Amino acid sequence: MENAIVMKNVCKDFKILNRHEGLKGSIRDLFSRDYKTISAVKDVSLEIAKGEIIGYLGPNGAGKSTTIKMMTGVLEPTSGEIIVNGRVPYKDRTANSEHIGVVFGQRSQLWWSLPLIESFKLLRDIYMVSKEDYENMLALYRSLVDIEPILHKPVRQMSLGQRTLSDILAAFLHNPDIVFLDEPTIGLDVAMKSKIRDLIKGLNQQKGTTVILTTHDMGDVDALCKRIVIIDKGMKIYDNDIDHLKTYFGSYRTLRMRLSDDTWEERVIDESKEDVMDVIMKKQKECKIKDIQLQEISTEEVIKKIYGGEEAASDTSAKALEVAAVAADAAASSEEGGAK
Amino acid sequence: MNESAFGNEVKKRRRGFGFYARIYRKILVQDLKSKMSYRADFIISTIGMIMTNLSGFVTFLILFKNFPSINGWDYHHMLFLYGFSLIALTPVQCFFDNNWNLRFQVQSGDFIKYCFRPINVFFYFMSEVFDVKGLGQFAFGIGTLVYAWVHIGIPVTPLVILKLILFLITASLFMIAIMNAAAATCFWIVGSGYVMVIMFRFKDFAKYPSNIFHGVFRILFTFVIPIAFVAYYPSLAILESENVPVLTWCAPAIGVLFFYLSYKFWMLGVRKYDFTGS
Amino acid sequence: MNLRKRLALTRAGIMESLQYRLGTAVTLFANLIYLVLVYFLWKAIYASAGTDVVNGMTFTDTMIYLILATALFNFLEMFVVWDMSRSIQSGKIVLDLLKPMKFRSYTFWSYSGSHVVLFTLTFIPTFIVVMIVTHGAIPMGINLLYFAIATVIALVVNFSMEMIVSTICLYTESTWGINIVKETIVLLLSGASIPLAFFPDGFKTIVEYLPFRAVYDIPLTILLEKNGADTIEGVLPMFGLQLIWALVLTLAGTLFWNHAVKKITVNGG
């Protein structure tokens, strides 16, 4: 199958000033030339096939946004090669941007005070979409979601969910080959999340659009992606099918035990390191166990393990709340999670 | 023209001047429509604009009450210069006002949204704001200019009118260039807001004859921070019948050059900026 | 609320201002150029006048007055109005109101740090340069102490005006409009763009009783020992006027703010 995006050994470095602490440090920084180089992306190679929905995951500051900015042509890689739709995005940003769509989380790219339909018309002109294509696209939108209530509403009066929905629709309007969605479901309620997932899935199937999705919500990943790529500290640490993930990082299982006082205790166990029976026996010495359940681990929990328990607790999904009790070990190091 | 139904065929058309003019007009119309819904803001801002101009005028009057002439320029010639500078400052106020928001958008990272569209980033950014208040200043400037014009007794011929228009456009290019460059400093310098504030205050000196500057500062205010071109040199084309300085005739070309350089500087900032703010 | 807490805010403000090192350097440089502009303009104006003294002001007096007014302007400049309008738009204002300190006081002390930095970086260097260049045209005596006191009161008056204007922004959506009206009035009527000595008599009498004068004109008049400010009897009425306005504006600002905050709470931000 043809590739939509090819990245070869891509690196991106940033130079930042070394800041010192305290009042004296601030004064010293005034004259300091002490810069340090930070590698945001280290030697990442990646191939994304046309029509794929790919989950691009990693904790905050892992280099996800930097990668996307390079793919969209906003940033130039320090070294390595990126080809998007057969073009080098940084060298040909304008031509590249005709064939891509971008949604950046909570930052609306629409005209703030205009009703959505007027934004659409402007985008139609900017991307030079023919009348026919435009009408067809609107018809497709109508078949997928109920857009009538938001079509004549100014963006600034919309709820966050409506705004995200509008931004996604706007990103697909010129029928791009690739759409980048950076945390599209962040801060949305469960109903809206599922609406947006259905929309993305529908558009991907109808138009064959390649979708690069970054998210912290494993619900998004489970609903949309077959393949995921995980990066951490700028390095690619996983690139394969989502099903493969669970076996790849050790064989994890969740053990649930009902104790003598009828409370359930849950533990995630890595079977390559400790034996489930050992855990049960050890526990039994402390108190009586009334009941035992053994469950396969969810994607969420695997990812949590990979990130080192830092990220997942900041997730607000219902699922995260459900398993919050599970990760007693992870929770200890994750009080506040992301610095978003 | 063959209106092809295939999206890709259509997309290959070039985005020329006509395209940008059409987009700008459409955004402008929409923008004006939505501005009508903020009537209170519009009225207060207009009052503010009138106040600024009135206050500038009062300063001018007080000055002339104490000092009858400045460097050989009498009241009416100074008034001409004043009106000229007000008109020349209108385009930067009307079309390039979004420069004032650049710093905040760059710092918050919101600026990135301008980089995802297949149109010129500078155009896209500036098109977002059209400042209607600038028109009030324009009217004030016209009034002042006409008054001074009549009192000085400059003959009205088609050639003079043509010259006036040409040199007003020239003059406005310089102010736009100054503000573009000042705004673009925020791509490199955090906390550069003050640069814009002070450059905007420099414009108050455009309404004085630039032969008051001497030595290295004359060069500085002519070629580095070109406030001498915002009113003084261009207006000499109308005020003087002979002995017009060479710099006056060169002004249109220099203006285009300055505008181009400021645009390039602005765009360089966009490329250099690493969009780390989030 | 103890002093330590307030000084912590001052310290944080100083550190934050210093973070913008290039910005600071550019600010200094741009200021210098502005002063050059002022110098040339008034030199030409005085040269054309034919006399050395106009309305009791010599060229040197006018220059010192205007240069120090600019330096004061830079040092007093606050962006309370803009900050406020942005935090209203983003809803951050609610968080600010929840801080364990009165909002007014929180804002004042947050800004104090940048005032300290700006005073050291802009006012003092300007003052020293002016002093050297004019060979002692600035009187050096008790007037410096009076000037320091007057500047502190000026700061309070200026802050109160900023807060009142910011509060107006809670009611209207026109930050730009209100801010420009304020700035224009303050700059003209405080004597920052043209010394009040040049104003026509009738106009001057009215302006002398308005609060704007308390910000720039009074501290500078005291510093230069003009208008009878060379004796304590001449200085006291000026302090009196400043203090009355500081009190009136602080009180009015506080009452107005409390009223406005009730409105926010009702609207839910």
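Chains: A, B and C, in written order; residue numbering restarts at 1 for each.
Note that in this section contacts are C-beta pairs under 8 Å (C-beta built on N, C-alpha and C of every residue); 3 or more make two chains touch, one makes a residue touch a chain.
Fair warning: this is a prediction, and the values are worked out from it, not measured in the lab.
A comparison of C-alpha centroids places B closest to the centre of the full protein. The most distant chain from subunit B is A, comparing centres defined as mean Cα coordinates.
The interface with the largest number of contacting C-beta pairs joins chains B-C. Work out the mean CA point of subunit A and of subunit C, and you get 48 Å between them.
Annotation: 29 Å between the Cα-based centres of subunit B and subunit C. Chain centres here are Cα means. That of subunit A falls 43 Å from that of subunit B. Counting partner chains per residue, subunit A has no residue touching two or more of them. Counting partner chains per residue, subunit C has residues 19, 24 touching two or more of them. By the touch criterion stated above, subunit C contacts subunit B in their complex at residues 17, 19-20, 22-24, 26-27, 30-31, 33-34, 36-37, 40-41, 43-49, 54-55, 86, 172-174, 176-181, 184-185, 187-188, 193-194, 198-200.
By the touch criterion given at the top, residues 3-5, 7, 10-11, 13, 15, 22-23, 26-27, 30-31, 34-35, 37, 109-110, 112-113, 115-120, 128, 271, 274-276, 278 of subunit B touch subunit A in their complex. In the complex of the two chains, the subunit B residues touching subunit C come out as 38, 40-49, 51-52, 55, 58-59, 62-63, 65-72, 104, 185, 188-195, 198-199, 201-202, 205, 208-209, 212-214, 217, 220-221, 225. Across the complex, subunit A meets subunit B through its residues 14, 65, 69, 72-76, 93-95, 97-98, 100, 102, 104, 107-109, 111, 113-114, 118, 121-122, 125-130, 132-133, 154, 174-175.
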